[in-house]
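Next come two complexes built around subunit A: one with subunit B, the other with subunit C.
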Partner chain A sequence: MRITVKLFATFRDGRQKIYDMDLPEVTTVQNIISSLGIEKSEVAILLINGRDGDFDKELVEGDTVSLFPPVGGG
Partner chain B sequence: MLPKRYSRNIATISEEENQSICNKKVCVVGCGGLGGYVIEMLARLGIGHIIAVDGDVFEESNLNRQILSDVESLGIKKALAARERIKKVNPLVQVEAITKRLTAENAKQIIDNADVVVDALDSIETRLLLEAFCQELEIPLVHGAIAGWYGQVCTVLPGERTLSRFYKDKSLSGVEKKLGNPSFTPALIASMQVSEVLKLLIKRGDLLNKKILLIDLLRHEYDIIDF
Partner chain C sequence: MYGYIGKVLRINLKQKSVNVESLDLENAKKFIGGRGLGTKLFMDEVDPKVDALSAENKLFIVAGPLTGTNVPTGGRYMVVTKSPLSNTIASSNSGGFWGAELKAAGYDVIIIEDKADEPVYITIEDDKVEIKDAARLWGKVVSEVTDELKNEMPEKSRILTIGPGGEKLSRMASIMNDYERAAGRSGVGAVMGSKNLKAIAVKGSGKAQVFDEEKLKEVNSECLKKIKENGVTGAGLPTYGTAVLVNIINENGVFPTNNFQTSVFEKADDISGETMAKDYLLKKSPCYRCPIACGRIVKIEDMGLEVGGPEYETLWAFGSDCGVSDIVAIFKANYYCNEYGLDTISVGATIAAAMELYQKGYIKEEELEGLSLEFGNADAVVEWTKKIGKGEGLGAKMAEGSYRLCEQYGVPELSMSVKKLELPAYDPRGIMGHGLQYATSNRGGCHVRGYMISPEILALPEKLDRFTLEGKAQWVKTFQDLTAVIDSLGLCLFTSFAMDASMYTAAYNAVCGTEHTAETLLEAGERIYNLERLFNIASGIDPKEDTLPKRLLEDPIPDGPSKGNVHRLSELLPEYYTLRGWGEDGIPEAERLSKLGL
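== the complex of A and B ==
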């Protein structure tokens, strides 16, 4: 199963901008962020195919996951 | 007759629209990086009443980006500095300075009767509180937030709770704690917030509601995401 993971802003520090992953079995967003060394608590916006998504969602072939950190300054 | 000081607003907005905003009230919560620019631009446009809310005083670390701060204003309450600045810029505008932090106890009283509220805060928890009170009082909220090279803008109309959807956890710590904020990001995001406020007030144009604009100035990436 092939999926794409796009990282934004500070998630790119020390990582790639885009990962094309070939995963052998069913997986969730939670598993993917863990494999990238990102904590759930660091993610503000999680999109699956450009729409608001959930960490426990099981991904399907061709899905694109986008992750944004929280921006809160003023 | 429209005062001559607004002549260059025309025909970006019509004379009637400019007259109408002279009777509007906008509450700006936070008078720091974003809020300072927002208040300046609202006053120059001719928004008649501005409520400037901030419990803090200016300190040296604000000088790199907060337009209302200067060497002489260190130690001065930010909301009072906003009022004094606008007296010089546009005395036709009334500024009410609230020198307190927004809390669950005072929020309703502060934002009540505002036509639009601007989120220029620096705390995710207080933003969510502000959104809840704007929802309760059915007041549109224009959100902006910044961190380093990054910024975001979103308009929340009554019946929408967009901030609660992308700040899922009120204890989230923003990346600005690590990245700081330079001079240019607040000016950019504040400009976009003011254009959203104006469109809300004149009921014209497209709003960033049910969506968020995310900006990465380092890599020139501009994404609008539907929520």
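== the complex of A and C ==
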């Protein structure tokens, strides 16, 4: 299945901004961050299709995963 | 006396008189300082019904008890007056170094009364205070005035000034200090301009006394540790500035685009903090004793400039809200706002409203004098900013702010504002608590009176579901009360990403010898919030104005991750009023006021 993964802020250091991944069925966000070398504890905000996501949720075809380290402002 | 200096500088511009008065310490402690004390002084001295641009309005420039101390970020001051934009209380906060210098010169408060017959400026060197002829400065932009006065004053003086925007009484005019820091919102620059006051230059040699130096060292090191360890204040903000929000707010589908007609912007990454840091950032620009240093200096190559870079709100206002993805055009619009002394949020949002007026046929081609008002036109945001600053043509109408502009065309509902203050960069249709905060903020459409983005989007101090209503009214109240405390102490709101109420309490007690608990300090915040509310009601603001633009209550977001949502304000407001101890009509009731000592 096709999954889009978007990285932001320091997660882009040494990585791409965006990945179009072709992944097997039964893939979770945890699998994706492991493949990118990102620790779960580094992820402050995880969105799946713009909504609050879960590391263990099984993704479905066409999902977009957005990952952020701690960020803020105002 | 600890923390406070104990002195109020009262300057009457008509009489050209300067008087130093004692600060009523009991009053000061009850309302902390800054925003709270300024509001109390206003209520004691001025009828809230006053015409904001008349000589009878007064300008209260107030430092906090922690301003000028070693507490991290303790350099802030507050301008309190009646807003010519919203007719509500205006309390506009600024960083930089000017506020700390005011304390060093030996004052907690400056009260500016009446109106000078001709343009003047004020110089303060400790107890030497003079009112001088500003004819040569009038009409000049902020950097010119600042350079001139820095040359005239002793080394390391700090300059606060208005630009041409304030002189021409734009209701979006800001008061600028240290070149690029702004008491930005609510049109406080127009109040200063209406008094024919161009600038206040200050140099001080003293310092406020601290009650318990040893304890303060301990507290400061704890504060610094928390700030450094926190991912937002220790890494996110220092690396990217506030601009880091562009992508996250857009990814959530709450990044208002084309005057809130939608809330996802395809080209958000082009105007993001990541792009700014990678391609344009020259260096950081920290305020007084700030370990966060979110301020940016960027280059504008084709103008040969190295200037203050835009904040997140500015990138949004001139960017997606106007459909613009050219980051350099935004740098330029930001630069002209800083030079003309204009609020970037209100100016960008007003240009966006004008673009929609044009799109819908209300503004006609012949009014444009050859300029474009098409969404997405990058030159347009730069050129219209200049027109607003100079008060020329349609720019003069726009200088009145988006509400009055849209009202002139018979469609005030196209102004995305609350109480006539333009909303900032978050679509409340997808962030329920934040929408309640917009509706109930005492100065109108403002994000920094209770920054609910923190729990609803950024997961600080914990993650709340942004679409649910449960518990949100209580969160908003607590955030509003805590923010009133921080604004009154003289610290930066960004510390609250890392620090909790107990740490502010410890810092205040160490500096001033007060015996607050976190609860009593939050109660002081609630007292301040209620006093501001009383100001607004006395000014004639109907609590029915605790609302949002019709679009945000009735038209669902048309696409993106927050598609299909409107803001459910009517389900939140009654609970909020109850928690505040206000009646169903939104009027504070005697019982709560009495409990708060009001």
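Methods note: the second predicted complex is superposed on the first by the 71 of 74 C-alpha atoms of A that agree within 3 Å, B and C clash if a C-alpha of one lies under 4 Å from a C-alpha of the other, contacts with A are read in each partner's own complex, and residues count from 1 in each chain.
Operating definition for what follows: contacts are C-beta pairs under 8 Å (C-beta built on N, C-alpha and C of every residue); 3 or more make two chains touch, one makes a residue touch a chain.
Bear in mind that the values here come from a model prediction, so they are computed numbers and not experimental data.
Of the two partner chains, subunit C is the only one touched by A:N49; subunit B is not. Using the contact criterion defined above for the overlaid structures, shared-chain residue A:S41 touches subunit B, although it does not reach subunit C. Look at A:G73: by the touch rule set out above, it reaches both subunit B and subunit C. Once the two complexes are laid over each other on the shared chain, residue contacts for A:P24 go to neither subunit B nor subunit C. In the superposed model, A:F8 lies in contact with both subunit B and subunit C. Residue overlap on subunit A between the subunit B contacts of one complex and the subunit C contacts of the other covers 8-10, 44-45, 47, 50-52, 68-74.
Across the interface of their complex, subunit C is touched by residues 6, 8-10, 12, 17, 44-45, 47, 49-52, 66, 68-74 of subunit A. Here subunit A touches subunit B in the complex through residues 8-10, 41, 44-45, 47, 50-52, 68-74, going by the rule given at the top. For subunit B in complex with subunit A, the residues that touch the partner chain are 30, 32-35, 119-124, 127, 144-152, 165-169, 171-176, 178-179, 181, 186, 212, 214, 216, 221, 223, 225-227.
Considering their complex, residues 230-233, 235-237, 239-245, 247-248, 251-253, 269, 273-274, 294, 311-313, 447-448, 451, 453-454, 457-460, 463, 465-466, 493-494, 497, 560-562 of subunit C touch subunit A.
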